[in-house]
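Should a chain be cited, it is by its letter among A, B, C, D, E and F, assigned in written order, with residues numbered from 1 in that chain.
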Amino acid sequence: MAKKVVTFGEIMLRLTPPDYKRIVQTDTFDIIYGGGEANVAVSLANFGLEAAFVSKLPDNPVGQAALNALRRYGVNTDYIVRGGNRLGIYYCENGASQRPSNVIYDRAHSAIAEASPDDFDWDKIFEDCEWFHTTGITPALSENMSRITIEAVKAAKKHGVKVSCDLNYRAKLWSKERAGEVMSEIMQYVDVCIANEEDAEMVFGIKSGSDVEKGEINVDGFKNVASQLIDRFGLELVGSHLRISHSASDNGWLVVLYDGKEFVRSKQYDIHIVDRVGGGDSFAAGLIYSLLKGKELQDAAEFGAAASCLKQTIPGDFNHVSVKEVESLAAGDASGRDKR
Amino acid sequence: MAKKVVTFGEIMLRLTPPDYKRIVQTDTFDIIYGGGEANVAVSLANFGLEAAFVSKLPDNPVGQAALNALRRYGVNTDYIVRGGNRLGIYYCENGASQRPSNVIYDRAHSAIAEASPDDFDWDKIFEDCEWFHTTGITPALSENMSRITIEAVKAAKKHGVKVSCDLNYRAKLWSKERAGEVMSEIMQYVDVCIANEEDAEMVFGIKSGSDVEKGEINVDGFKNVASQLIDRFGLELVGSHLRISHSASDNGWLVVLYDGKEFVRSKQYDIHIVDRVGGGDSFAAGLIYSLLKGKELQDAAEFGAAASCLKQTIPGDFNHVSVKEVESLAAGDASGRDKR
Amino acid sequence: MAKKVVTFGEIMLRLTPPDYKRIVQTDTFDIIYGGGEANVAVSLANFGLEAAFVSKLPDNPVGQAALNALRRYGVNTDYIVRGGNRLGIYYCENGASQRPSNVIYDRAHSAIAEASPDDFDWDKIFEDCEWFHTTGITPALSENMSRITIEAVKAAKKHGVKVSCDLNYRAKLWSKERAGEVMSEIMQYVDVCIANEEDAEMVFGIKSGSDVEKGEINVDGFKNVASQLIDRFGLELVGSHLRISHSASDNGWLVVLYDGKEFVRSKQYDIHIVDRVGGGDSFAAGLIYSLLKGKELQDAAEFGAAASCLKQTIPGDFNHVSVKEVESLAAGDASGRDKR
Amino acid sequence: MAKKVVTFGEIMLRLTPPDYKRIVQTDTFDIIYGGGEANVAVSLANFGLEAAFVSKLPDNPVGQAALNALRRYGVNTDYIVRGGNRLGIYYCENGASQRPSNVIYDRAHSAIAEASPDDFDWDKIFEDCEWFHTTGITPALSENMSRITIEAVKAAKKHGVKVSCDLNYRAKLWSKERAGEVMSEIMQYVDVCIANEEDAEMVFGIKSGSDVEKGEINVDGFKNVASQLIDRFGLELVGSHLRISHSASDNGWLVVLYDGKEFVRSKQYDIHIVDRVGGGDSFAAGLIYSLLKGKELQDAAEFGAAASCLKQTIPGDFNHVSVKEVESLAAGDASGRDKR
Amino acid sequence: MAKKVVTFGEIMLRLTPPDYKRIVQTDTFDIIYGGGEANVAVSLANFGLEAAFVSKLPDNPVGQAALNALRRYGVNTDYIVRGGNRLGIYYCENGASQRPSNVIYDRAHSAIAEASPDDFDWDKIFEDCEWFHTTGITPALSENMSRITIEAVKAAKKHGVKVSCDLNYRAKLWSKERAGEVMSEIMQYVDVCIANEEDAEMVFGIKSGSDVEKGEINVDGFKNVASQLIDRFGLELVGSHLRISHSASDNGWLVVLYDGKEFVRSKQYDIHIVDRVGGGDSFAAGLIYSLLKGKELQDAAEFGAAASCLKQTIPGDFNHVSVKEVESLAAGDASGRDKR
Amino acid sequence: MAKKVVTFGEIMLRLTPPDYKRIVQTDTFDIIYGGGEANVAVSLANFGLEAAFVSKLPDNPVGQAALNALRRYGVNTDYIVRGGNRLGIYYCENGASQRPSNVIYDRAHSAIAEASPDDFDWDKIFEDCEWFHTTGITPALSENMSRITIEAVKAAKKHGVKVSCDLNYRAKLWSKERAGEVMSEIMQYVDVCIANEEDAEMVFGIKSGSDVEKGEINVDGFKNVASQLIDRFGLELVGSHLRISHSASDNGWLVVLYDGKEFVRSKQYDIHIVDRVGGGDSFAAGLIYSLLKGKELQDAAEFGAAASCLKQTIPGDFNHVSVKEVESLAAGDASGRDKR
């Protein structure tokens, strides 16, 4: 059996009003179970890799439903611990046109946020593992989780596992100062970092001149930031997606990678958004897949960009696409034509 | 304007899978905002009374939606405080036949559970008020809420407001011992108590011989318990609904009242259940309405029984029936025939 | 081609909240297009007869949708006139258990209610026709419609067409006095009358001792009434369904027929109701079918009873069952067992 | 308590097929209760103002549901009269791309259209009121309503209440001639008028050269028309939204205001439409709010434009947005980016 | 009565996940019954013509539902044969943005694919018929169907019926070689051919230089191909729609016609797609209607283009538009503005 | 890791109209993936056992969705072969009251029906396996499948695996004669047989006097048949569920077991049916679980009866219940009371 990829973090219940309704209008919620690291695991399983997700879920039907959502799409859930009090929730209003999406977190006191170091046996988890992925959200969940995430990346290195991390700064979860301390330690063990300029500045004080509000892509800004990250933490690669938000309905989207020597950017997609949630995660998954398969840097960028473009045409957090579908788009067929 | 009725407690977001699905099967949740004391307020507003609900709700769209649900049905929300972190949630699988309904609480850390005494100005709340209703759930939410509820009933008495309380013991929220202490203090200020035998035993150690599991009605048991409650706390009236659970789909249902002298029981309804949640609350509302309108004891029992029978034929927590509809059923037309 | 059956009356848009909700709770309405005489036509088309429905519908998409609903199930709509201002509407809350169904009519000023005698060419309509069916609702819609209905039954007789009429007294549409006048004239031309005791008393002052509120079947009462109707109007046959409303969810149901000599009653069905609307119409259709096919009186009763029993297990006004399905139930298989 | 804003007109039941279906295809209708003046009241309540809606609604569950829709969003319904025969209805197919939206009115004989002058006690209604808003639809409903609306604006003036009116000419409701007579009288009492060129020409014969079919904005045309309106009726301000219909899915949208001296236009929004209904009403509400809050003319235009842009990204007639959300868009963030 | 138009082919059950979901995500399927030739028949019936669809459908409720879908929209189903084993199915994921629609056929062994020549009495079918339409899909269903289709076009010619055929090459159903043989024989009897360059090359080896993947319209390429088709088969007219797939959500669309002398192209529409399925069929219907009504070539192109543009703004296979709506768009109003 | 249980057969796409609609009425289908042997596997996985399902599924999204449905609920899908042309389908109308459920199979030519012996490596499948379960449907799918099933049971015996088989005669799939031949061979390797009297008579000509149409339970009949089966095939145990179909909505249900010495019957449940499909399969799963856990015969009957009772209160084919829930019901709590 192929070696596995492990991701670690929180999966939440996402409650979304249907049909672009606002929360005050709706009588039903559509249910999605998702979260950054879980989304990466599902993408990788859909690409045919052995992917395991590590987390803690309450031992009740809601926790079970989250676990089932992962199993349904082929993710290994053997290392998920059961216990704790609740599954984290986020309410998400899908935006449209000039109205932005609106996310309301109700994730405090979740099982994973209150997990203890004893819950995870990293030596067992990293048996037959070749890649470990986590994000800056995971250690932000609680002091315990900061500690556990540091233990996890250390253990990964000990087992010779590649480590990727998506900075993903969440101001609602921790301060810039605390994020800087913890992420600086975690980054000692990271090989591949996903970070946009804003995250890099918030977490590490690394500055560049891009202004993402203006809808212009500052590719040079990213390269500058990536270069500083590589220098500071000895990374192999830094990647980022760049989103140009024309409106909540229409976004430009491309991907940039820098490995300290070569800088590549993917073609740019103009996406008519179905669901933007999980866009960044599907890029991370596309990048991990590309690196595991030994793709060239430019090809990795194109694969990651195409994968994450397709994600945003699909409802929910998960990226339900095959390698073949991604490669077809990466190869240039963006016409959306069907074949019969 | 007529004097108002005030109820005090928690309103939650109820998430229910449609069509008798279990949580692990469902892709959508039906949304209900409800809770024991809020349900009473809505019933009373539907009966044409001025009803106000007092609580604390988070200042976000989810809290707003809960407040809107109350306004929609005519409840005065002027005394609801906004703030805190989250709206309490409960997941509810509707049972069917031999499969019981299944409730999963996710209500810890709600805005109301973390409310402070300063949040409520009882003197203002009880202006122009003639009745105050709360339940044993409200003080069970937190230590603070125990204190606040005691303050509330004291203030009610000070303003010459009648006080009713539904014992409603919740083992998941507090111990029997703590419940006994707090409820004993609250009961000093209560005029009308709603209590079944099980609650009375759990909270006050008052015993009787009924066994509700067996599906038999022990009317004598209730009378004995009610008598002890009246003696101990100087109550005017004790009421209870009695449910005979043939299955999750079919229940027998009747109402008993005892005022220390007269004991009455309503006719019994065999209900094909649409939604049993809120059955007890709609009885409480029917009883309060009856007492405010000066109905005879037997008539109060019939009105309360008919109101709560109808509630269980309606989806959701709220009892969307008029006085006319209740009186029509109470007067004997249980045939479900339509008129054209 | 076989000769056709013609029915004449109003088809309305029925708006029903889903899942036993009340109108004040619902965000969507399920759409049904139906009406007594249209329901009969659909039943007969489903039985394989050539059935035409005559009415007037507004020349807009709502009228078209009503017409399409008839075409969909094979009803000939060639004689439907287009014009007028609106399609009649009725809101219908489906009852459950002790809560009755609730119908709110919004049918005034409909195209058919405002139709004029010139709209219908009865000589053309009754070409190749062997049966004409209408109800006491049709002439009640307006003074014009009283006149038109009388013209219709006269024309039917002129063309040698059998005429059936379901008394169906609607107190909201006309007075007992006016109903008596008009229906007495119409009955001169009727061969087969469907009437329960209540209708007979309201319209013609014919009395009997049954009390349908009490849930007891007064078969003798019906026979007495039928006998008086036959005597007064020279009818061939009088039929009635008898409904025993245990609750809105569970009804007893049977059918009685009297031809002046022989009196028959069908077996009784205890129906767990899915949708009671159209029950009487499906009996009328079953009776017409039976008479056209020359069934014996007892067989006609059984066929009519089985057809209308099945209707009430199907959502909507229309009876989507085949002759084979009806005969299977009439022959005694009421177990609801499936066959694979 | 702050002084209230009163709006007066008709609220209807809107029946819309889901998912861009046409009426002939659909099995369900989505339910919205809305109408021009009610929509303004809801917007203002969402902006935190005390807003009351005056109308007449039938005393049945459908009328109650319309009233509840207003209460749900905080509108004062104390002055709504109950009675009459029916709630007006409009069917609305949502357009898409080159297919226009299609509205079918079924509003004749509604409770409000058949209201009598005695139904409304304007002296009581205008107590503690600072603004009154109505539209050209309200007096068009019937002769009685023409009279009542004139009484209303007169009473408003008597109580020192500011009056705004949206011309909103509806050719299906009355002739140009009758509209001209009645509106000319009403305009004597109006301070702020909302009118586009087409309305001004239809109602008052005021001409300008704009051709809205061509998709070009004739700002000069509006200014010319506004100037004539101000001259003729002594208005304080004339406002208009300008819609550039590229297709049913994509519209340009901006707002212009003229006070006789200063002319301002808002920035233009290119909106990907979710629901265009209520766009003009949300502009009216934004303008009223701005004027009550003493905003500068340019700021008022920007607030009104942003409010009405956001409305069109939300399903239904009502504008579920807060002042903060409107100001965020007016301040320039139209990227639809979410914040986490 | 007007002479009828007959179309011949397969109608299938289309199963589509709602809301742009993929098949692996969905819990429900939206149901459409459709197919190229049936879609043409429905369009023509909606245009007010007498249209009959000829096929074979299984004698079960699923076959009945397909037949009912045709009747519902006014198609004559008298010539549909009942029998065989199953209704063909196709699963269709609606694409969005860069994600193409995905069609999975499950149509083998359908009743029509296994039909025998005896099933159809073409002499009877072509009585009072003025036009016959079929496509290259119909003979591709089976060897028998190749034979039957040839019989059908021969019989049509014998009865003096005009014949149109949409080449519609389906590589999944037959080889280029077999298609070439059969279609060459069929084309002997065809008057009007609908064909794009790709089909012409696949089936007849006729080549031109257009590259439809690139999103550019090669109008000259079509003219060249059409000219060759006319020369080879003696056709009266060749038509084609041209689709420029910017993405699955946005397409350019126009129509070209060539009659050997005159070449016309319609205006081009930029369509925001609701449902692209049936676009070509609605063009065919628009063309047939235009030719039957004697429209000029340019007008025919505009009518066909407008009809098929509108189709793609409507969910499902069928084109629910009237002649008036098509002509309004063809006359230039593409703004999607509603009229009230 | 515990040894696994393997089941073998077909999983199909079940298409069901919602809300008791008939196929001719519905616009959507609810999707269930299920089949006798798959249902058993899901039940066992829900009971905490390692359960694997063996089958062949098409390599397309529909096949993938079926596979995902199994993974979602914890079934091992490692031995499922991908290939073939289609997933079998069955349409299922849920019955109600006197209207039976109606199943329409469209399962011919499915991937599993056209599987070849090479597709399955039974030696690998039966590694670490302790129980093999199949049914009489599996060999009935095709000649190949008859052969493969015989190979499977032989291989199971070779690996010392217990074998259970549910006779489940399907007259639509094969003749009594062919069933008798094949099943007689399979039974040589079976230890535990599930069979009702009807199946035993159809397949093996074993007769008894029960008449299941009459709604009476012939327990003696079963014992007689079971005895003959044990004698003929050397079985360890024969079990059967007995269904008393009062109507499609209400069934009596109990379970009987006979091991050649002891005969036991479970308590009888009167079930208000939510979904009867999968009732027998959930009994089989309950029995297998009981035998693997070494339960006494009476306890096994009670567990099997309670499990299958609960299944019929849950929508879909799968039994989403835990061991704890089954044991709670088996222990006597059938009141459907919830606990809070």
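Convention: a contact is a pair of C-beta atoms (placed from the backbone, for glycine too) under 8 Å apart; a residue touches a chain by one contact, two chains touch by 3 or more.
Just so it is clear, the structure is predicted and the values come from calculations on it, not from any experiment.
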{"item": "Angle (degrees, nearest 5) of the CA superposition of subunit D onto subunit E", "value": "120"}
{"item": "Reference interface C-D: repeating pair among D-E, B-F or A-B with over half of contacts shared", "value": "A-B"}
{"item": "Chain whose Cα centroid lies at the greatest distance from that of subunit E", "value": "B"}
{"item": "Proportion of interface numbers common to subunit C and subunit F (over half same, under half different)", "value": "different"}
{"item": "Far-end chain from subunit F, centres as C-alpha averages", "value": "D"}
{"item": "Rounded Å distance between subunit B and subunit E, as computed from the means of their C-alpha atoms", "value": "62"}
{"item": "Between subunit D and subunit B, distance of the C-alpha-averaged centres to the nearest whole Å", "value": "42"}
{"item": "Distance between chain centroids, defined by C-alpha means - subunit E, subunit F (Å)", "value": "45"}
{"item": "Where subunit C touches two or more other chains at once, by residue number", "value": "18, 22, 24, 27, 68, 73, 102"}
{"item": "Touching residues on subunit F, where the partner in the complex is subunit C", "value": "19-22, 24-25, 95-103, 105, 170, 172, 213, 215, 243, 245-250, 276"}
{"item": "Parts of subunit E lying in touch with subunit D, wherever the complex brings them together", "value": "18, 73, 269, 271-274, 306, 309-310, 312-316, 320-321, 325, 329, 333-340"}
{"item": "Of subunit D, residues touching subunit B in the complex", "value": "68-69, 71-74"}
{"item": "Subunit C residues within the subunit D interface of the complex", "value": "15, 18, 22-24, 26-31, 60-62, 64-65, 68, 85-87, 89, 91, 93, 102, 104, 106, 108-109"}
